[in-house]
Amino acid sequence: MCGIVGVYCENESLTPHITYYALFSLQHRGQESAGIAVAGNSSITAHKGMGLVTQVFDERILSRMNGKASVGHVRYSTTGESRIENAQPLLVRSKVGSIAVAHNGNLVNYWGLRSGLEGEGRAFLTDSDTEIIAQLLSACLLDYDTVEALKILDSKLLGSYALTILVNDTLIAYRDPLGFRPLCIGEADFGYVIASESCAIDATGARFIRDVKPGEAVIIEDGKLEFVRISESKRRAFCVFEYIYFARPDSIIDGKSVYGVRHTIGRILAKENPVDADMVSPVPDSGTTSSIGFAQESGIQYLEALIKNRYVGRTFIMPEQRMREFSVRIKMNAVRSNVEGKKVVLVDDSIVRGTTSRKIVDMVRAAGAKEVHFRVGSPPIIAPCYFGIDMSTREELIASCRSIEEIRRTINADSLAYLSLDGLLEAVGIDENELCLACLTGKYPIPVPGEKCVR
Amino acid sequence: MCGIVGVYCENESLTPHITYYALFSLQHRGQESAGIAVAGNSSITAHKGMGLVTQVFDERILSRMNGKASVGHVRYSTTGESRIENAQPLLVRSKVGSIAVAHNGNLVNYWGLRSGLEGEGRAFLTDSDTEIIAQLLSACLLDYDTVEALKILDSKLLGSYALTILVNDTLIAYRDPLGFRPLCIGEADFGYVIASESCAIDATGARFIRDVKPGEAVIIEDGKLEFVRISESKRRAFCVFEYIYFARPDSIIDGKSVYGVRHTIGRILAKENPVDADMVSPVPDSGTTSSIGFAQESGIQYLEALIKNRYVGRTFIMPEQRMREFSVRIKMNAVRSNVEGKKVVLVDDSIVRGTTSRKIVDMVRAAGAKEVHFRVGSPPIIAPCYFGIDMSTREELIASCRSIEEIRRTINADSLAYLSLDGLLEAVGIDENELCLACLTGKYPIPVPGEKCVR
Amino acid sequence: MCGIVGVYCENESLTPHITYYALFSLQHRGQESAGIAVAGNSSITAHKGMGLVTQVFDERILSRMNGKASVGHVRYSTTGESRIENAQPLLVRSKVGSIAVAHNGNLVNYWGLRSGLEGEGRAFLTDSDTEIIAQLLSACLLDYDTVEALKILDSKLLGSYALTILVNDTLIAYRDPLGFRPLCIGEADFGYVIASESCAIDATGARFIRDVKPGEAVIIEDGKLEFVRISESKRRAFCVFEYIYFARPDSIIDGKSVYGVRHTIGRILAKENPVDADMVSPVPDSGTTSSIGFAQESGIQYLEALIKNRYVGRTFIMPEQRMREFSVRIKMNAVRSNVEGKKVVLVDDSIVRGTTSRKIVDMVRAAGAKEVHFRVGSPPIIAPCYFGIDMSTREELIASCRSIEEIRRTINADSLAYLSLDGLLEAVGIDENELCLACLTGKYPIPVPGEKCVR
Amino acid sequence: MCGIVGVYCENESLTPHITYYALFSLQHRGQESAGIAVAGNSSITAHKGMGLVTQVFDERILSRMNGKASVGHVRYSTTGESRIENAQPLLVRSKVGSIAVAHNGNLVNYWGLRSGLEGEGRAFLTDSDTEIIAQLLSACLLDYDTVEALKILDSKLLGSYALTILVNDTLIAYRDPLGFRPLCIGEADFGYVIASESCAIDATGARFIRDVKPGEAVIIEDGKLEFVRISESKRRAFCVFEYIYFARPDSIIDGKSVYGVRHTIGRILAKENPVDADMVSPVPDSGTTSSIGFAQESGIQYLEALIKNRYVGRTFIMPEQRMREFSVRIKMNAVRSNVEGKKVVLVDDSIVRGTTSRKIVDMVRAAGAKEVHFRVGSPPIIAPCYFGIDMSTREELIASCRSIEEIRRTINADSLAYLSLDGLLEAVGIDENELCLACLTGKYPIPVPGEKCVR
């Protein structure tokens, strides 16, 4: 998963700072690397680095980047291999000038496209699909104008691709025709902000205009903004997991408040799977919003069973092999005075592998809980995601080949219940045909080799 | 404010790791510097650095520290000047051997003691009261055994001082006779853990035994633990602010659950200051627990008006002077869909300067709230703390010379109410005579130059 | 200028270390960045960084690189822009597998080649001619075997290009047909070492075999070494400046000892331009060897007038603008006791801009010298280099448009004399037709736009 | 060994820069750590760090230090343990104010003094004798004026101690009564520079005034400089090793040019130990000056047999255990074309352990030399130094218990000869009674436990 940003700002020295704030508020979408490219007078300047936005940038670096248009990127490692070469935006130079590309998504036909280009004798400096996009776009721009080039590019790509692009000093944002990954736009006195989530628009002080539509491009040239339809598709495939887990709760995505969806998920979850208990607690932080809804619907007292250490981050090391058992205890701790002798409902957003859930249930029991009931704010995850969320392989997914009763026993809960698919759809409020539910149903909205496709 | 740890572990190579985990779970008590000293075979080895525990230590460093006894420290800058010289534990060498001191608290008679020692022609390498303690202890140990030395030391010190100390391979913990700062002890298969808060004992897998009593020392020598009474005082002065704000909610301090106290604060606050509203929201994260209690007592719906960026940390830079206005918006964002058209109650633990409160109220209003009512989980802070919590000068405290109505106008709330002192005492459940309430009453439990003392 | 290395070593874990030593002894050829690529079992691993070899690599990094074949590179910034993207070896992946390229030289037809490839719609991630070489080679290898591919590649390139290349686990070294930049090969028990200079072969304990001939490739596959003629040219263009300044004096380049050439330069310089003086001193370190020869031929006493600070490096900062006058004094100091009242001959290898020479002459005068005579171990530099040595623009070259008398006045010497071109040719001992003397004559051995070409 | 500096500069913002330049030119005296303390308006600011002067300081740091008086220090690790706590100047605060001490030397009675102070119950934060000096000085200044305090301090110290000290904004320099370590003073338009060696005075553009005399203090207060005699001693003990090896050749120490001494050493060495040979070469860089003198006296051709890698530094790592054999080869290389078939004389300044000498002789032989004769510019080192030069223990000194013939065989030379003590004295030109020759004679100028003392 990644977060992308595009900024157009009349005040040239302010542009990199606006981009920095926007990226900072998308930090939850990726912590591996961060980068900003700014289109200056005659060329594009880029700065990238490994780590958090605040670690990669400082005032000295930002103050050396000047220009009206910029794109930014935060990257979440999907491969495990963490290399500066893969940091974005990717900056290339071609006959049409400088091009910087920030990409959120994943091309399903990456190897096919690459193999085709390699067949022409080309060599690649990175292993990212962004390099493919940059090369294809460069070729298209050779013979066509921006709009035509985007159309040709789009026709070649299969998968998920929300993009912010600089072609010299023109800022382009584009969202794939199924709209897998979110993208929206805001307006401010200084210009425009395009971002993966509306919380980034809020952070810059801009006013949210609307979501970029699937298949739609935003082109900002010489301060003039244009919306252009590039591609049509009846089917939509908005990622349902953005609502369940990934997005920040204060974001509005495709017209739905993420907070609202999660709260409703909690309510429906309580209705679908009532439980006799003394308290409802989130698994922090992912279960917080849905557990509040659960408590309100069920009338059971909302009380935190677990406190999370706010300083746990990617820098945390688990020094000794034999200390691995501490791994969860270091990150969160049970509140004995809250759970002792109580029947506790724990609400989490989803269960991926189940190993952490087991440790949390055990921890709450060890703190004196009489019963521990687990409620999950999504249906079971049974299939992998090929569209940008790194969710482990099918084998690692605990629900891919286990019954709910088996999972309950594995995580050692007194009861376990998942939200129904219908419940989820009701909570999200978007037609099933406009969502990508592949990880929950195994039915993919576009063809993926070896998987079932249901358009 | 600081956090201190003492560990006795039979497995010598495990000792630094246990200390690391304990310090990590006290990270909220100080983020400026971190340090560990381990008593090895013939001498004490120390490692200290600026920054978070996870930044200062790695496996390579920990694996080079071996020994059964250790002390650790995390430091919160109280002065603004951030220097490695002030990092603790402070390691000194004297006639009796090596001494490492970790100190949480503040000596009220620091300058008097220092001036006395300087009068003997001594020079000091740091500006910390810990150096004074180390020098005095060294002198006492010259002529007396450990217990007598502690008694003499105690008789010279005035102020707050929770200490973990290594004298060669003897581990000593001591809590000042009024017990300003918390200190507790736990037991495990591997040995003992002493820490500022019980959450650190939990993190190491040890079992909580009890709080160290005011005036009591814990001495662990050759694996044998001894509790020794060093000093008597009828008066106690447990810091009430640990319950209000400072401690982690999953800690038990002097017999009281911090979570429980805060939850009750919320309930009493709701009873004392009812308000007609549509929703109750915490100011994250400090107001979370009390706002839950407030919502339950009042029956008003609990809903988050504000989402905090989880990546805000000490590393965050605010690059441009003109962007200072963004400072709060970058750290948290209002959830428009929750607050639009609503009467909102915001609950926070306390108000210090009031500047952030104002920005938050404005942000919630800008997101569409009809009314914003502010409720505070403590009485007004009217006087500075001299016992280890850096709370700004009296002039900076918004409540030191303003009426509640004036404060309400300053922070732009529709209504403002504080918890009463009686309400606070009821929530904490500790006799007024055993608490330090100086910041709320201006009456200090020990003499402080220029302040009123009420023992 | 750059330094390149190729290593084939049967002991897989030793390979990166051998490469490290070889690169370290070529450090004088480039201090901006360093990199090593090793061909492991299934792919090539590369590590690159800004700074010195010892700063970029440590045991931990080297120990993670395993394989029999490797290439290495040290880079000297020729552009002023110092970016990690330009560090080498450049690693690309193509249909034929992984390719790593280390390049010393400069393509005269870079923009032509790039423009051609851009015309096909390609985009480039770096601004280095090495990316062009990697792309062209990838394309050639698609349809041809290694030898044929090298022939086609060679036919497309114009300029100087000494290369060490990995194509999967095959190690290739190639030297352009005019042989601008040096390249030689050595043999050891462990395998083979190819390097820009023989001092790197010495450093690894290998035995020097011979220079790689212009137009010749060395191909090492499965431990078997093969010399293959790729291209023929009657003309040679060995860079004369390697002998004058660039190479280490302990290297043997194209059959000539660099030390021997410089020593003879000093002797001939003394014969051609005798001077009545009390002492001969080098300008350290570049003039050391020729000044020894000068002293011996002239019979004038050899005595150092100047001592260089051994810690001057690229990390040195000149903190205050107003302190720029100190720039030379900080780097070297006159030995007053040696020069006071003396007639001093200063010998340097060459004069580029003349600014440093002036400061040195002034410094020796200020230390009490009666007369200061300047002797230069090369003819005047009158034209820029397009083949890899960054020598400033023509305008900046003090001799491009000034008489020797004008230069003498500019640098404030009592007398000034340069070595004659005939003297230089005699010292080098290589036929004029086999050298590149372009910087001294303005006549270029291959066509360069806007310059005179004399093949 | 260490280097110290004291600067008084009327231009407050220039002071730290002047100190930086002076320290930079003393870098050869210590590379472990560097530090500067500047006396500003109301207090002393210090900055210290591990590594080279250029690594520890940058413009940002220097620009924040302002004041007229400063002291600086570069430290050479004498203990092997390399810790930031031991970096100097040491800054303390006492009744008389702030004191910063930079010390070059070693107290022979350190443990006696420390034990005395520990007997008073004092504890020490470092293991350096500088802390003792700072504590004693603080005590003395309590009751006495600067001059009296220095007299009392001096009476307590035994050993070598060249000091630059700030007492608030007063700059004090003091040299112990025997004058073990050098110290000199220069004058400039901006004020005064005091430094271990005159090359540092040259580097700042100041004019050398004279050496600070043994037992003499320089006190600069309010811009007024005063020389004060603190202590008398008929005996002097100027370290002879400063001339032989340690000091930079462009320095003048106690009236003698270091370059001149070394050149004469070479001449006398040639006269005392003639040899039939084809060439004379230095062991770079330590033997350079004396080998020039040797060549001129003997009439044998001066030619470099060895080239040193200019990038060898403290950062160099020797990655693999099995690669240790490369250790010398990496640092220097033989010039085969110079030594092949020749009888070579190698001249070095001294032999300490002999291990490097052996490797060098072998390397020159392997490059084809017919004979290798070794000449040493000092008598054999037979006893350890207690006055600040870390020279290994007596057991490690190859000459402490071996005949010259045994050493010759150990280093594998065809002949070996040392300079005679008389020859050394003649070259230095200072009376035997005014030098410390302890490392060469075993007779110490002050009492050292277990060693013979000859005053």
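Here the chain labels run A, B, C and D in written order, and each chain numbers its own residues starting at 1.
The rule we apply is simple: a residue touches a chain if its C-beta (ideal position, glycine included) is under 8 Å from a C-beta of that chain, and two chains touch if they have at least 3 such contacts.
Computed from a prediction, not measured in an experiment: that's the story for all the values here.
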Distance in touch steps, counted as few as possible, from chain A out to chain D: 2
Maximum centroid distance from chain A, chain identifier (CA atoms): D
Centre-to-centre distance between chain B and chain A (centres being mean Cα positions), rounded to whole Å: 36
Whole-Å gap separating chain B and chain C, where each centre is the average of the chain's CA atoms: 61
Distance from chain C to chain A - Cα centre to Cα centre, in angstrom: 49
In chain B, residues with contacts to at least two other chains: none
Full enumeration of touching chain pairs: A-B, A-C, B-D, C-D
Residue ranges of chain A in contact with chain C within the complex: 84, 90-95, 99, 115, 118-127, 131, 134-135, 137-140, 142
Chain B-facing residues of chain A, complex: 14, 17, 20-21, 24-25, 27-28, 31, 52-55, 57-59, 62-63, 199, 202-205, 248-250, 252, 257, 259-260, 263, 285, 288-289, 292, 295-296, 301-304, 307, 309-311, 313, 315-317, 319-320, 323, 325-326, 329-330, 333-338
